[in-house]
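Two complexes come next, and they have one chain in common, subunit A, joined by subunit B in the first and subunit C in the second.
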Partner chain A sequence: MKKIINEPADVVVEALRGLGLAHADLLRVGFDPEVVVRVDAPRPGKVAVVSGGGSGHEPLHGGFVGRGMLDAACPGAVFTSPTPDQIQAAVSQVDGGAGVLLLVKNYTGDILNFETAAELLAAEGVDVRTVVIDDDVAVQDSLYTAGRRGVGGTVLVEKIVGAAAEEGAGLDVCERLARVVVANTRSMGMALTAPTVPHVGDPSFTLGADEMEVGIGIHGEPGRRREPLADATGIVAGLLDPILSDLPFTVEDRILLFTNSMGGTPLLELYLAHGIAEEALARKGIRVERKLVGPYVTSLEMQGMSLTLLRLDDELVRLWDAPVHTPALRWGA
Partner chain B sequence: MPCDAKSVAAAVLSAADTITAHRDELVRLDQAVGDGDHGENLNRGFGFVRAALEKSIPDTPGAVLKLVATTLIAKVGGAAGPLYGTAFLRAATALGDASELTADLLVAALRAALSGVVARGKAEPGDKTMVDALTPAADATGTTIADILTAAAAAAQAGADSTVPLVARKGRASYLGERSAGHLDPGARSTALLLNAFAKAANT
Partner chain C sequence: MKKIINEPADVVVEALRGLGLAHADLLRVGFDPEVVVRVDAPRPGKVAVVSGGGSGHEPLHGGFVGRGMLDAACPGAVFTSPTPDQIQAAVSQVDGGAGVLLLVKNYTGDILNFETAAELLAAEGVDVRTVVIDDDVAVQDSLYTAGRRGVGGTVLVEKIVGAAAEEGAGLDVCERLARVVVANTRSMGMALTAPTVPHVGDPSFTLGADEMEVGIGIHGEPGRRREPLADATGIVAGLLDPILSDLPFTVEDRILLFTNSMGGTPLLELYLAHGIAEEALARKGIRVERKLVGPYVTSLEMQGMSLTLLRLDDELVRLWDAPVHTPALRWGA
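The block that comes next holds the complex of A and B.
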């Protein structure tokens, strides 16, 4: 393993220290327990939007703390959900009295820890709601799995709900909106290489030079199947087809197309893939009205990509376009 | 020999040592079907448990287990933190404020631990989870604490071994579908390791 780290056990804390120093104008970082909090929190009368999850997916979630997006993020150990005391600490620092919305990616650990925190917060009298994000079409949503994973769609939910909360929308509206975005978002990812978790020291799985892993999540867990390596056109088609047929997306749908790098795929390849995806969608009569391209929901240094499609309406477009100022997303502010 | 808070704390400390010794094995098992954090997270959590017990040992066996529970819930994260935390919390509740652990209390604690894990994680036997190890362990009987724990540990390991051919239906391994078959479930294995450490402590 070659990484720019000191002790593997200190990776998250040292990275958070750096995040806090780099973006002291936007956020403050707390330790023991670890939380990332918007610098001007709590904002009285504003719904607090809080998310969190394992580290290793940067800029998710800490990089999305700031105006128009998250009020707080709870970073767990690498690929490990945060603990209830982190979530409680984050909420206590951002609760402006208008309620708290927890945005949780659908993983067993995240659900258990956020559920425990939500129970404790409710017992303290905090009006807390939880919306679970589960946009990954690679997983069959059935009684026989833990359900679909929360992946790329998370950043879209956080942006849109964050914009609504910034405008002063109430907790009911924010919660409903989060559910609408989740219901209209679908993602699928693939990998060319595996990530190496710092405290493990070697790659999470091994792939031959001529193989790719399709239907991967964002934790280095193997995907649904291993396939012979395809070219970019083949890879994009392999991601788009199951997404399109799942919702399903149809002719005349207005969509946001999010082309995401898993961390190790450079922008050169990502824009190449994005172009193929956008043109393929145009040929199907689907209107790509908003785009996002970059490494936003990553899996350490894994090479690979995911595509996320969100079906838009006027309201969602307006909230997507609303000003945002965070370390990782910034426009209009 | 009476089994007081000090004996229970000693058993927990030896379980912590066992987790440290098997950290890498649990990481490997979890890498095969999950994200490879199980050994690291449990080792980290039991490291905090060790530090807490070395500072001071609570007055009763139940209080010792409650300290284990709250530490794991606060420090581990992931699925293992809340699940093992709940198991120890329910076991602690079953022991109440008894000053000594008895065979009857132990049986009750094992059953309480199982029902807590099932309630939190919603897994059933056959889902390829720690429930596959804990369910047969909770059926263990015997006249002494050592007998019960020895039987529970053996049953847990047999239960863990039975997860190898299973297709996971809960937790991160379930994302793999059929590809999860052929691997030992890391949570079932760690359950067997913990019970085996408790049994060893009870037999010395």
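The block that comes next holds the complex of A and C.
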């Protein structure tokens, strides 16, 4: 295993220490349990937007804590759900009395632990709602899920709901918006190589030199099929076609196209793939009105990419464009 | 070779097409020859800041074209200098009549081609100056350089000079600032794995499973020494110590610390390393006043990192903080 780490057991805590030092103007990191919270939380009267999940997907979620996006993130161990006490601790530090929205990626462990935390919080009198993100069209059930997995679309949900909460929208509106974004978002990913979890030490799976995994999850879990390596045009079509037919997206739809690196794929390849996807959508008469390109929902050093499409309306465009100031997404502020 | 590409010969052109589509609000991409220029260029009366170099280091340089940074970038083939005609074409599209500053990383091919272009431009009556960036303390001469290589510090030079030019500073001031930043910047990098150049198809070098290359260049060219793999604390110390003793940086110095991923190293590891570096500097009494963490000067999918330190003064802090709006760096605008 070749990584820039000290003891594998300390990776998450040491990385959080670095995150906190690098972005002390935006967030503070708590330990015991580990939480990442906005530096100005709690904000009285503001709906608190909280997410979390296993580490290893950076910048998700801690890199999205800040003005106009998340109030707190709960980082679990690598590829492992945060615990209920982490989620409770995060909520208690950011709850401004206007309710709390938990944004949860659909994985069995995450669902269970966020649900437990939500019950405990409700018993304390916190108005807490949960929206589950399940945008991955690749597989119906998977190694870690009943139903579809939550993947790249998570960033879009967090940005749009975070913008609404920042503007002062109430809990009902924030919850509705989260459900609207989830309902209109579809993703699919693929990988060329496997990630290595630090405390495991070996690659999560093996792929032949001429193979790729199509429909892979963000923990390296199996996708739809293992295929001979295709060229970029073939790879993009193999992701785009199942996404388009699923919602379905149709002629004249306005969309946000998010081309995401799984971590180890360089920007040179990612922009190349993005261009192919944009041109393919233009040929189908689908209007790409907003774009996001970069490594935002990763799987450690895994080489690969995902595409996410969100069907836009005027409200979603406005909230996407609204100011955001976090370590990983920043504009208008 | 596992990459998301079509024909290896088309990688740069196709990636530029994607860059242009993704960021049409900021820049436009020209072909024949390939150039990336600000969408609002030329700006009459503004010094034009132009850089460029081999592709494969993205987001450098095209990702830094936009308001408050570069007016144009000239992307060469992967790990290959841009040609004089590319540089001339870029300058001719952004020259606003107030002079042109060429920011050139110190590699033999780049120096030669930018020099040729500068002579041709001067003959046309353009007031063109060149500042060479050579911040890498690892080796004095190298496979591709006489003198030190230009590496991570390039981003800092481009940001600070770009901010001055945006404010209306004249060519003399911009040139002086570039020289000040170069004089006060030092970098060093290391790698765990090798990059694969698309048109070559094999890794640029081989490293054993327990080896790392310390002092590596951004083309995978050899560094100071090949060593047994160290832990993160050892890796950071191995980069920081030669940097600190070189300028030298001393107690009470105010610095910008830039922790850079070589491309394939995930953010989890990068933040971990950044935290170790910040804590080490604090123990030495050096004040880390600004930070930048991310993959900004890369070597395709190479796993590894570099550290760059810039000694700050009030003027440099102000220009670093000034608004910037490019694909890869954006704040205050």
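The working rule: the second predicted complex is superposed on the first by the 328 of 333 C-alpha atoms of A that agree within 3 Å, B and C clash if a C-alpha of one lies under 4 Å from a C-alpha of the other, contacts with A are read in each partner's own complex, and residues count from 1 in each chain.
The rule is simple: a contact is a pair of C-beta atoms (placed from the backbone, for glycine too) under 8 Å apart; a residue touches a chain by one contact, two chains touch by 3 or more.
Keep in mind it's a predicted model, so treat the numbers as computed, not measured.
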item	value
Touching partner for A:Phe205 - first (subunit B), second (subunit C), both, neither	first
Which of subunit B and subunit C A:Val139 touches, first, second, both or neither	first
Contacts of A:Ala123 with subunit B and subunit C, given as first, second, both or neither	neither
Partner chain(s) touched by A:Ala232 [first = subunit B, second = subunit C, both, neither]	second
First (subunit B), second (subunit C), both or neither touched by A:Val251	neither
First, second, both or neither for A:Ile276, with subunit B first and subunit C second	second
More subunit A residues in contact [subunit B versus subunit C]	C
Overlap of subunit C and subunit B interfaces on subunit A (superposed complexes)	78
Interface residues, subunit C side, partner subunit A - complex	2-7, 11-12, 14-23, 55-56, 58-59, 63, 78, 192-193, 209, 212, 229, 231-233, 235, 259, 263-276, 278-279, 291, 293, 295, 298, 300-301, 303, 305, 327, 330-331
Residues of subunit A defined as touching subunit B within the complex	9, 54, 76-85, 107-109, 112-113, 116, 138-140, 143-146, 149, 197, 199-200, 204-205, 217, 219-222, 224-225
Residues of subunit B defined as touching subunit A within the complex	27, 31, 33-37, 40-41, 44, 73-83, 120-121, 167, 169-172, 174-177, 179
